[in-house]
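The structure under discussion is supplied below as C-alpha cells; questions concerning it will follow.
Just so it is clear, A, B, C and D label the chains in written order, and each chain counts residues from 1 on its own.
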C-alpha cells in the first residue's frame, strides 16, 4: 500500500496499483499505460474545461457588456452551450479553398493543437503529478509553445488568401518578438529558485504565501510583464492582430470552418490555460495554499495516503489559481480595445524587452547584493536554500546529485549552502 | 522492445522521412515544414539519448526561431503564391546518385564497426563500466538531467570532470537512489582512471560561451544591416 | 535497454546525405539554406550519440549546443544575404546569380 | 735654462697658433648662414690674433735677452779670434748640451742661446721621425718680431683698404659679364682676413720650424696662401692666371726642394737642424742633427783623403764634442761631396722658386694682381723673404760651390729686376721688380759669405718695402684703383702723409745717408754690408769681380727708378685732371701703419754693423762663417771672414752711396725737373726699352721653351688618346655590341620562347578551366560532394582490409 503512494511518477503508481490488484506488469507496460493516461487526462482536460472556459467567456463578456449571455441550452445558465457549439461545428462542412495548398491547409490545425497539447508535457499539476518531470521543464514548455506559431503561419500561407497571409505574418512577427520578454520574465523566478524544473520551482515556494515568488521585489513586476506577453502569445485581445476582424476578415482563420476552425479555438484556450498554469507555478506558488498547511502536512508525513491526499488538494488549489488567471485574460479581452500592429511591436520591442532585461539582471543581482548587505538572500520568507522538500522527493525530482546541487545553490544564491 | 525502442523507431522514421521530403519536395514551404518535422523528431531523438537540454534548445532555437526565420525568408522572396523553382531532372538524378553512393559509403563505414558482440567497441566502451555511469546519468527512464552540468560547464565548472565523485561499489546496485553526476568518469581500463586527489578545476566553456554571445550580437547587427532594402536592380 | 549507436549514426548519415542532395538540387536559395541546416543537424546527432555512448560525456552536448547557436546565427546572416540577393536579382534562384562565372 | 727654453717655445707657439685659431674662427664666421658682411669683426679678430702674437714674440725676445743676459749685444769688436770664439760659444751653446766641465773649461758666459725641441710627433716611419720641432735662436726671434709687427701693421692697413668689400653686393668693375654688365658678388672681407690669418700661421710656422721637413710643410702652406691671396679676385682672368702661374712656378722650385730632402734623408737619416734629445728612462740619448753632422763644433767639413766624400760627425764624446766614427763602426755615415752639392742646390732651388730668383722670377710681378696689402705682406716682406731665410737657416749645409751659384743667381736677379723696374709704369709692378732685385741682393749677400749681411738686408727690406707697398696701396685707393703712374702726378698735396712716408721708403731702399756721419737710412747699412762682403769676396777671388760691380751698378739703378717712381707719382703736374680731382688722403687706419713703418724703415738698422740688429742677427751666425774659408786648399772659391769684410767697408759704402746719389740725381733731372724728356730716351733706345719692357723676354722664352712644347706634347698625347686608346676602347665596345646582338637573338628566340610557351600554356589552360567555373553554387557543391565520394571510394578501394 505504501509503494502505491510512494510512487514518484504515474508509471510507478500504476505498476504498484496493478501489482496490488494482482496484474503485475513490467515497467515498460506501466510506462505505456501512464502515457496513455496522461494524454487522456490532458485531452479530456480541455475537452471539458475548454468548453467550460468558452461558456465562462460568453458569460463574462455578456456581463461586461451588460448582457445575459447564453441562458437556454442546458438549464438556466446555459451550461451546455459549449457542447452545442461543438456539435454544430463538427457538423459543418469541411471546406478547402480551390487555390489553397490542400495538404498544408489540412495539416495546419493539427500542428497548432499538437503544439499547445505537447506544452503540457512538463507542467506539474501537483507535487510530482506531472507527465514528464523534466529538469528542463520550463525550457521545454517555452520551446513547444513557440511551435504553435508555425501552425499559424502554415494556416495563413496555405489558405492562399491575402487576409490569411497578412494575419499569419502579423501573428508570427508578434509571437516571435513576444517570446523574448516572456522567456526573460519566466527566467526571473527560475533564477530565484535555481532550477528549471517546474516541480522544484513550485516546491521551493511552498509553505506560505510569503514564500511565493510574486512577493520577490523583481519577480513581482516580472509577473505582470510575463502575463502581458503570455496574453500576446495566446493571440488574445488586445493583441489579437492575427484575426483582426475589423481589418483582416478573420486573419489566418478566414478560410477555415467547422472542425478545423474549432481546433484552432481549442488550441487557443489550451494555451491560455497553459500560460496561466505556468504563471501559477512560477509566481503564485503552484499548488501551495497560502498558509503552509499542506506543506506542513507533507513534511509531517512525507509519504503514504496523507501526502497523496495533500497532493490532490494541492491540485485543486492549482486549478483554481490557473482558472482565475484565465478569467483575468477573458476580462482583459472584453474590456480593452485592440492595438494597432505598430503599437503592438512598439510595446514589445521598445518597452517590454528593456524592462524584462532590467528585471532579469535585477533578479540575478538581488540575492548577491542582499547577501553582502544582510546575511540573508531574501527579505520575506525563508531563503530559497532552506525551504527544500525532503530528500526522498529529491531523488525523484532531481538526479543531478547532491554535490552538483550544492554547487548550484552556491552559484545561484551566492551564500547559501546546500539545504539537502 | 521497450517504450523507448518504439519511440526511437517512430521518430527515426519521422526524421528520415522529413529529411527525404526536404530533399525531394519542390515547394519551398513544404520543404520548410518537412524540415520542421525532421528537426522536431531529431530533438526527440536527443531526448531519447538523454540530452534533454540540447533537445529543448533544438526545439526552441531551430524550430521556434530559425525555421520561422526561414519561412519569413520564403515569404519575403516569393514572387507569387506557392512559387516553385524546379530544378532540372538531370541535377536531381546526378545528385541522387551521389547521395546514394554517399549513403552507401557512410552506412558501410558505420556497419563495418563491430558495435556489440564479443570484443566490439560497445563491449569496450559503451557497455563497459562507462555504461553504469550512463545508467545513472543518461538513463531516459529517469529523464537524464544534463541542465545543471551544462550550466556549470558554461560557468567554467565541469561537474562531471572536476568533482571527482567516483561511484561507490554498492551504489551501482541500486542506481535509482545513488546520486550520480552525469558523465562522471569511473574506473575502466584504458579510459581515465579516477584521480586519488581532486585535480585543479578545468576552465570549462566559459570563454567559448562569452565568445559565442558576442558573436551572436555581431551577427544580429550585421544581419539587420544586410537585410536593409537597398535600391532594386534596374531590370 | 538502448538502441545501439550505429542506428543513430545511420540516421545522421541519412540526414547528412539529404542535406547534401538538398544543397545540390535546390535552385532556391532558402532551400540550400535548409540543406545546410540538415547537415548541421546530422553533425549534432553524431555529437549527442557519441556523448551518450562514449566517455566523450558532456563535451558532445556542449559542442552540439554551440553548433546550434552558430547555426542560428548563420541562418540569420544567410537569410539577410538571400534578401539582398532577391533585392538585386528580383528572384531567389541562385542559378541567376552567376556573375562570377569565368 | 730648460725653463727658458720652455718659456720661449710656449710664447712663440702661442704667437704661432693664434692666427690659426683666428683663421678657423673667421672661416666659420664666414660660412655662418647669415653672417653680417658689413661688420669688421673678422678684421678686428685677426688683428687681435696677430697683434697678440707680436706681443708674445716681443716678450719672448726680451726673455731670450734676459736669459742670455744680452750676450748678443756684448759680443762687440770684430777681432777675428774673438768673433770666432763668440761664434764658437754661440755654436757651443747652440749645439751645447749642458756639459758643465766643458763649459767651465772654455769660457765665461756658458749660456745657451739656441733652444730646440719637439712640440709633437706627427709620425714615425722606421727611424724617420716626422715631428713638429722648434729651433729658436736670435734669427728666429728677429723674424718673429719682424713678421708679426709688419703683419699687424698691414692688417690694420687692410681694414681700411679692404673696406669696400664690406658690402653684400660688390661690383667688380674689371670683370665683364656676357651681357656687358659688371660682375656682382657678395663682399669677401671675412675671406680676406681668414686667408691673411692662415698665412701668418704658415709663415710663423716656417720660421719656427725645427726640421727641414716641417719647413717644407709650411713652405707649401705659404704657397697655398699666396695662391689664394693672389687669386683673391678670382673672377678676374688675370688674377686667376697669375695665381696659377705663381703656384706652378713654385712647384718647379719645390721639385728641387724635394730632391734635396730625399738626398738629405737618404744620407743623413734625419731632417732635424739641431741635435735631438730623447730622454728614455734616465738615459739622455742624443742624436746628431744635420748641422752637427756636417759642420761639427768647429764648422769644418771633414772630407776623405780624395776629397770625394764628406764624413759625417755623428758620435759624441764625453765633452759633448762630435766626431766621425771609425771605419769599422757600423754607425759611420758618409755622403758624397757631389751629393751634398746637389742637395744644397736642390734646397736652394726651392728658395729660388719661393723668392723669385733669376730663372723663376717671372711669377712675382704677376702676383701683384692680388690686393695691395697682400703684395705688401706676402710678396715683399715675408713670404718671398722666406726663401732667403731658408737659405740662411740652411747655410751650414751649403758648400762653397753652392754658395757661388747662389751668389751668381742673386747677382743676375738683382740686375734683371732693377733694369726692368726702370721701364715699368705700373706703380705696383715697379715695386715688384724692385723686390725681385732686392731679393737678389740678399741672395748675393749670402752667396758671397755675408750671412749676417743677407739677413740684415732681409729685415730692413721687409720694413721699407712693406712701407712702400702700403703707400702705393694708399695711392691706389686714393686714385680709385688706378695703378698707372702715367696717369698720376702731383699727389703730394693731395695725400701728404702717404707721399712723405713713401719718400722715406724710397730713400731707405735707395740707401741714402749723410756722408761722414753715421746717420743713414736702414737700406744704406744693409746694402753697404752686402757690397762690402761682395768687395771682400772679389778681393779673394778676383775672377768673380762681376759679383761686386753688378750690384754696385744695380744700387744706382735702384735709386734711379725708385726716385722716378716717387717723382712720377707725387711731383709734377697731374696728368689726369679728372682722376686728380677725386684723389683723397687715406683714413687713419691706413696712414697710421705708414707712419709706424716709416719710422722703422728709417731707423731699424741704426748703427749699421755695430747696431743692435746686426749684432743680434750675426750672433747666431753659423760657426766657421766668421773666419771665412780658404778655398785654395780645396780648389774652390774662398769666403771672406769678418775681418776682411770689415776692412772693405768704407770703400764699398762710399761707392754705394755715390751710385745712389748718381741715380737719384739722374732721375731728378729726368722726372723731377724734366730737363730731359724720358720720351726722347725711349725713342733713342727703343730696342732696349722694348727689351726691358718685355721683361728681358723671359715670359716669351718660357712660353717657347716650356709652354709651347707642353702644348705640343699635350696635343700629341691627346691625339694618341683619341686615335689609339679610344679606338681600342671602341673596338671593345663594338665587339660587345656584336656579342649582345647575338645574345639578344638567343634571348628572344630561346629564353623568351620558353617563357612564352609556359605563359601561353598556362593561359590556354586557364581558358579551358574558366568554363568549369560557372558561378553556380550548386555546381560547386556538387563538385565537393563528388570529390569527397571519390576520395572515400579510393580510400576503400586502396585501403588494406583487416
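By our rule, contacts are C-beta pairs under 8 Å (C-beta built on N, C-alpha and C of every residue); 3 or more make two chains touch, one makes a residue touch a chain.
Owing to the predicted nature of the structure, the values given are computational and were not obtained by experimental measurement.
> Treat touching chains as neighbours and tell me the shortest step distance from subunit C to subunit D.
The distance in steps between these two chains is 1.
> By CA centroids, point me to the most central chain in this structure.
Nearest to the common C-alpha centre lies chain C.
> Of the other chains, whose C-alpha centre is the longest way from the centre of subunit C?
Looking at centroid distances, D is the chain farthest away.
> Look at the interfaces A-B and B-D and say which one is made up of more C-beta pairs in contact.
By the number of C-beta pairs in contact, the winner is A-B.
> Can you work out the whole-Å distance between the CA centroids of subunit A and subunit D?
123
> For subunit A and subunit C, let me know how many angstrom lie between their CA-based centres, rounded off.
Centre-to-centre distance between subunit A and subunit C: 32 Å.
> State, to the nearest whole Å, the distance from the C-alpha centre of subunit A to the C-alpha centre of subunit B.
Whole-Å distance between the two chain centres: 27.
> Measure off the straight-line distance from the CA centroid of subunit B to the CA centroid of subunit D, and report it in whole Å.
So the centroids are 108 Å from each other.
> Mind pulling the residue numbers of subunit D that touch at least two other chains?
If we look for residues of subunit D contacting two or more partner chains, we find 778, 782, 785.
> Hunt down the residues of subunit C that sit against at least two other chains at once, touch-wise.
Within subunit C, residues 20, 24-27 contact more than one other chain.
> Write out all the pairs of touching chains, ordered by chain label.
Here the touching chain pairs work out to A-B, B-C, B-D, C-D.
> Under the touch definition given earlier, write down the residues of subunit D that touch subunit C in their complex.
Spelled out, the residues of subunit D in touch with subunit C are 769-778, 781-782, 785.
> Residue numbers of subunit B touching subunit D in their complex, please.
It comes out as residues 87, 91, 94-95, 98, 101-102, 105, 108.
> Quick check: in the complex, which residue numbers of subunit B touch subunit A?
That would be residues 1-3, 27, 29-30, 33, 36, 40, 52-53, 55-57, 59-60, 63-65, 67-68, 71-72, 75, 81-82, 136-137, 141-149, 151-152, 155, 157, 159, 163, 165, 176-177, 179-182 of subunit B.
> Give every residue of subunit D touching subunit B within the complex, in rising order.
Its residues touching subunit B are 778, 782, 785-786, 788-789, 792-793, 796.
> For the complex, give me every residue of subunit B touching subunit C.
2, 4-5, 8, 12, 15-16, 19-20, 22-23, 28, 31-32, 35, 38-39, 42, 45-46, 49-51, 53-54, 57-58, 61-62, 65-66, 69-70, 72-74, 76-77, 79, 85-87, 91-92, 94-96, 98-99, 102-103, 106-107, 110-111, 113, 115-116, 122, 125-126, 130, 134, 138, 146, 149-150, 153-154, 158, 160-161, 182-183, 185, 188, 191-192, 205, 208, 212, 215-216, 219-220, 222-227, 229-230, 232-233, 235
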